[in-house]
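One chain, subunit A, links the two complexes that follow: it is found with subunit B in the first and with subunit C in the second.
On to the complex of A and B.
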C-alpha cells in the first residue's frame, strides 16, 4: 500500500520540479531598464566606439554600476548624463551634441543633399533645354506598343 | 630557412615591379611589343613570387615556427590548425601581404585575359598595376615585414586575437580585399584610357564583369563582417558604424554609384568624366580604407596596430596615386567633353544621376562622421564620439531616397517617359505601398521609419514584380508556353537586366530584415540562479545548469538554458563565457536559435562566484532576412557575371 503512494508522490515531485511553470520567473526591473537606456547613450572611454552597455570592459561595468547607484539615489536620467558630461566632456556621449561647430556634422549631409539636388536639377533642366526635340512619330496602337516595349526590354 | 625564401621572393617581386613599370614605359616609347611581353612576364613572375612568399608564411604558421616574429605574435602551440592558416592575415603585416598577393593574382589574370583584345591598353595596365604593387611591396619590405626573425626564440607564441578565431573572420579579410583590389582593374583601365587618350566606352565594357565581381566580393566581405560581429561580439547587433566598418562601406557606396552610372555611358555615351571620376574615387576610397584600418589612425574595435611611420608612408603613397589620377583626369577633361543630350528630367539618365547624388552624399556622410572626431581633435583638441545614433538619424532619409529611386529607375525608359507610361508603371506600386502602410498601421505599428521603409520597399518590390510579370506573360504568349517557362525565357533573354533586378530584390529583403531587427528588437538582461527563468517575448528561458567546459586553447563557463514556447521545449541554448589560455582574454560566445525567420540570441556575459549568471536575451525578428537578402544579392550578381556573352560585347 505504501509503495504506490510513495511512488505517486515521487512522480508528482519530479513532475513539479521539472515543470517549468513552477520555476521562479526573473524579469528586468524598472531600474534595469532605466540603466540600460542610459548606458546605451554613454561611451566606454577605454573601448573604441562602444557604449558602456555593449562593452565587456571592467570600466564599462563600473560605469554601469555608477548609473545604477545614482538611479537608486533618486537621480534623474538627465542628472546622470550631466554628471558624466561634467566629468568627461562631450566625448562621453555616443553622439556629438548638436551645438557649436557640431552643427556642421548634423546639417552637412542634408545641405549636401539639398544643394547637390538643386544644382543637379538645374543642370539637367539646362541640358534638356539645349537638346533639340526629336521628331516623334504618332503613337502606335496599343498592342503594337506592347510589342515595342518587349523589344525595348530585350535590348536594354 | 623557409621564411627567408619567402622574404627573398618578396624582395625580388619588388625589384620586378620596378622592372614591370620600366618595361611598360619602354613598350610605350619604342612601340616594341617585346617590351610589353616582358612586362607581362614581370607581372606573372610577381604573382608566382608573392605566392611563394604567402606559402612560406603559411608554412611557418603550420609548423608553428615561433622564431618568426609575426608567427610568434599571432599564433600559439595550442591554436587549432584551421586558425593557424587564417592567422596569416590575422595581423597587420600578413594582411598587407595578402592584399598585394591578391593584387598580383588579379593583375596576372587581367593581363592574360585581355592580352589579345586590348593590345594598346596593355602597357598602361601593366604600368599602373606594377606601380600599385610597388607601393605596397615597399611598405611590406621596408616598414612592415611579416618575415622578420625573433631572437631569442620564444617557447610559446602570443596567440591569435581570440575574437579572430572564428570561421567568418577567416573569410572576411580575403573577401574584403578581393573587393578593394578588384576595383584596381577598372581603375587601371580607366587610367589607361586617360593616359592613352582612348576615351571611348571600350574600357567600361571590358571591365564591366571585373567591376561586378569586385562589387560582389566587397558586399560579401562587408556582410561577413556584420555576421561575425553579430554572433562574436555578443551584443546582438550586426552593424555598429564602427570606423573600420565605415572604411569598407565608403568604397562600397561609391562603387555602387559607379556600377550604375556606367550604364548611361554604355547606352548613351554620356558622362565620361563623371564615370572616370567615380572609379577614381572608388579605388581611392579602397586605398584610404586600407590606410585608415592599417595605419592605426582610427582607434576602433578592429584596430590592432599603431605605428605612425607606416601610417605616414601609406598616406603619402595613397596621396600620390590619388593625386596622379585626378591630375590626369583634369588634364584630359577638355578632350572628354561629351555632348550631353537629355530629352527630359523624367528619364532613366536623369534618375541615374540622382541615384549617384544620393550614393555620393551617403558616402560623404560616412566620411564626415568617421573623420569628424579626428579633425575636431586635431583642430581644437576637443574629443567627441560619433556613434550609431548619429548615423541612424542622418542615414535613414538618404537610404529611403535611394530605395525609392531603385523602384523608379529601371522602369523609366531612356530619353523620355510619357505620363501614360508613368501611370502604367507606377500606379500599382504606389498603391501597393499605401496598402502595406495601412495594414501595418492597423496592426499597431507606429514607428515612422518602419512605415516609411515599408512603403518604399513595397513600392520598389511591386515595380520589379509587375515589370517582370508583364514581360514573362508576353514571352509565354509568344511561345504559347506556360508562365513559368515565360519567366525563364524572359530572364535568359535579358539576363543582365533581370539578374540585376534579382539583386535589387535581395536589397529589399535585406532592408526588411534591417527594419524589423533594429526597430522591433527586444532585449532583456536578467540575473539568474540555477532553476530561475526569464521571459522574453513569447519565450521563456530556464537556466538548468552552469558547468565548466574546455576547448583546445580555452576554458569556459557554460550556461544551459532550456527555451520554452508556452509549455513546449524548443531547444537548449548553451552560451559561454570563455577565457583564452594564452592571452587570458575573455570572450562571450553567443548561443542562437532560429525561429520564424528570427533569432533568439542569448549570451551570458557574467557569472559570479556564487553561481548567479547574468543572462542577456535578445529577440531579433526577421534577422534571417538580412542574411537571406545578402545571399539573394550575391546570386543576382553571379547570374549577371555568368550571363552568356552577346555579340556586341
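On to the complex of A and C.
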C-alpha cells in the first residue's frame, strides 16, 4: 500500500522539478545582443543610476528603440554612442569618457591613494626617527634597599 | 607632520568636502546641455490636432520656440498660461514661430489637453520619442529657442514662468528678433 503512494509522490516530484526542461527557449539574435551591449553603456537620464537596458522608464525604452533602429540602418556601436553623446553629453555614458576634466574622475582615486600613502609613509618614518632607541647596555644593579623590598613583595 | 604636509592635507580635504557639498546640494536632475550653439535637428511629425505633417524645415530663417510638453505633466499645466502669453507677445512678428512638441503621450489625452487648456499655435507629435532624444530631452517641460541660422541658442528645463518668462522673452527672443543673434547664448 505504501509503495504505490511513495511512487506517486516520486512521480509528482520528478514531474514538478523537470517542468522547466519543457520551457520554450528563445534564442537571442545578434541584433538583440548588440542592442543589449550598447544599451548597457548608456545611462538612463530619468533613473540616473541605471543604464537604459535595465531601466523601465519610457525614455529608456525609446532609447533602446533608437539603438535598435540605428543598428538596423547599419550604424556601428561607436556611431550610436557618438550620437547619444552629441545629444546628452558625457553624462549619458555609464563610464565617463577619459578626456579633459574627466581624467580627474579616473585618476583621482589613485592620486588620493598614492598621496595618502606617501603622507602616511613620511609620518611613520618620522615617528620611527623621533622614537629613542632602547639602550642595549645592562641595567644598573639594584641597591640593597630595593633588593630587600623586592624580596619582601615576592614572599608576600 | 610638517607644515607643508598639513597644508596639503587641509587643501585636499577641503576639495573633497567641496565636491561632497556640491553632490549633496546640487540638483542631481540637472544635466548640463551640450546643444547650445549646435544645429537644431530639423525634426518632423504629425500635428496633434489635424494629423498633417509639420516639419521644422519649413520655418528655417525664423526664430523658433520649441516647447516639449505632455498631458500627464503637472508642470506643463503650470506653465501653460505663460506659454500662451509668450505666443501672444510675439505672434505678430513674421520672423517668430512657436511650436509645441507632444512627448510620450496618448493622442486622445493630448487632444483633450489642448481642448481643455486652449492653444494658439501648432503642436507636433513625437511618435517614438525620437524627436525628444534628438533634442536631448529628459523630462518635460523643456523649452528651446532656435535662431534664424538654425542654431539652438537657449534651452530651459522646467516651467517657463516668473523670472524665466521674463528672461526668455526679454533677454533671448526679443534680441534675436531685433537681429542680435549673438546676444544670449546660455
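Assume the second predicted complex is superposed on the first by the 109 of 156 C-alpha atoms of A that agree within 3 Å, B and C clash if a C-alpha of one lies under 4 Å from a C-alpha of the other, contacts with A are read in each partner's own complex, and residues count from 1 in each chain.
Note that in this section a residue touches a chain if its C-beta (ideal position, glycine included) is under 8 Å from a C-beta of that chain, and two chains touch if they have at least 3 such contacts.
Note that the coordinates shown come from a computational prediction; the quantities given were computed from them, not determined experimentally.
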item	value
Subunit B versus subunit C as contact partner of A:93, first or second or both or neither	first
Subunit B versus subunit C as contact partner of A:112, first or second or both or neither	both
First, second, both or neither for A:66, with subunit B first and subunit C second	second
Touched partner set for A:30, first subunit B, second subunit C, both or neither	neither
First (subunit B), second (subunit C), both or neither touched by A:54	first
Which superposed partner A:5 touches (first subunit B, second subunit C, both, neither)	neither
Broader residue contact with subunit A after superposition on the shared chain, subunit B or subunit C	B
Shared subunit A contacts, counted only where both subunit B and subunit C touch the same residue	48, 89, 91, 112
Of all residues in subunit C, those that touch subunit A in their complex	1, 5, 8-9, 12, 28-29, 31-35, 38, 104, 128-130, 132-136, 138-139
Of subunit A, residues touching subunit C in the complex	45-46, 48, 58-59, 62-63, 65-66, 84-89, 91, 112, 115, 119, 122-123, 126
Footprint of subunit B on subunit A - complex, ascending	20-21, 23-28, 32, 36, 41, 43, 47-51, 53-54, 56, 89-96, 101-102, 105-106, 108-110, 112-113, 116-117, 120-121, 124-125, 127-128, 130-131, 133-134, 146, 150, 152-154, 156
Subunit B - residues contacting subunit A, complex	233-235, 237, 240-243, 267, 299-301, 303, 340-345, 350, 353-354, 357-358, 360-361, 364-365, 368-369, 372, 376, 380, 382-390, 393-394, 397-398, 401, 413-414, 471, 474, 493-494, 497, 523-528, 531-535, 540, 542, 562, 564, 567, 586, 588, 605
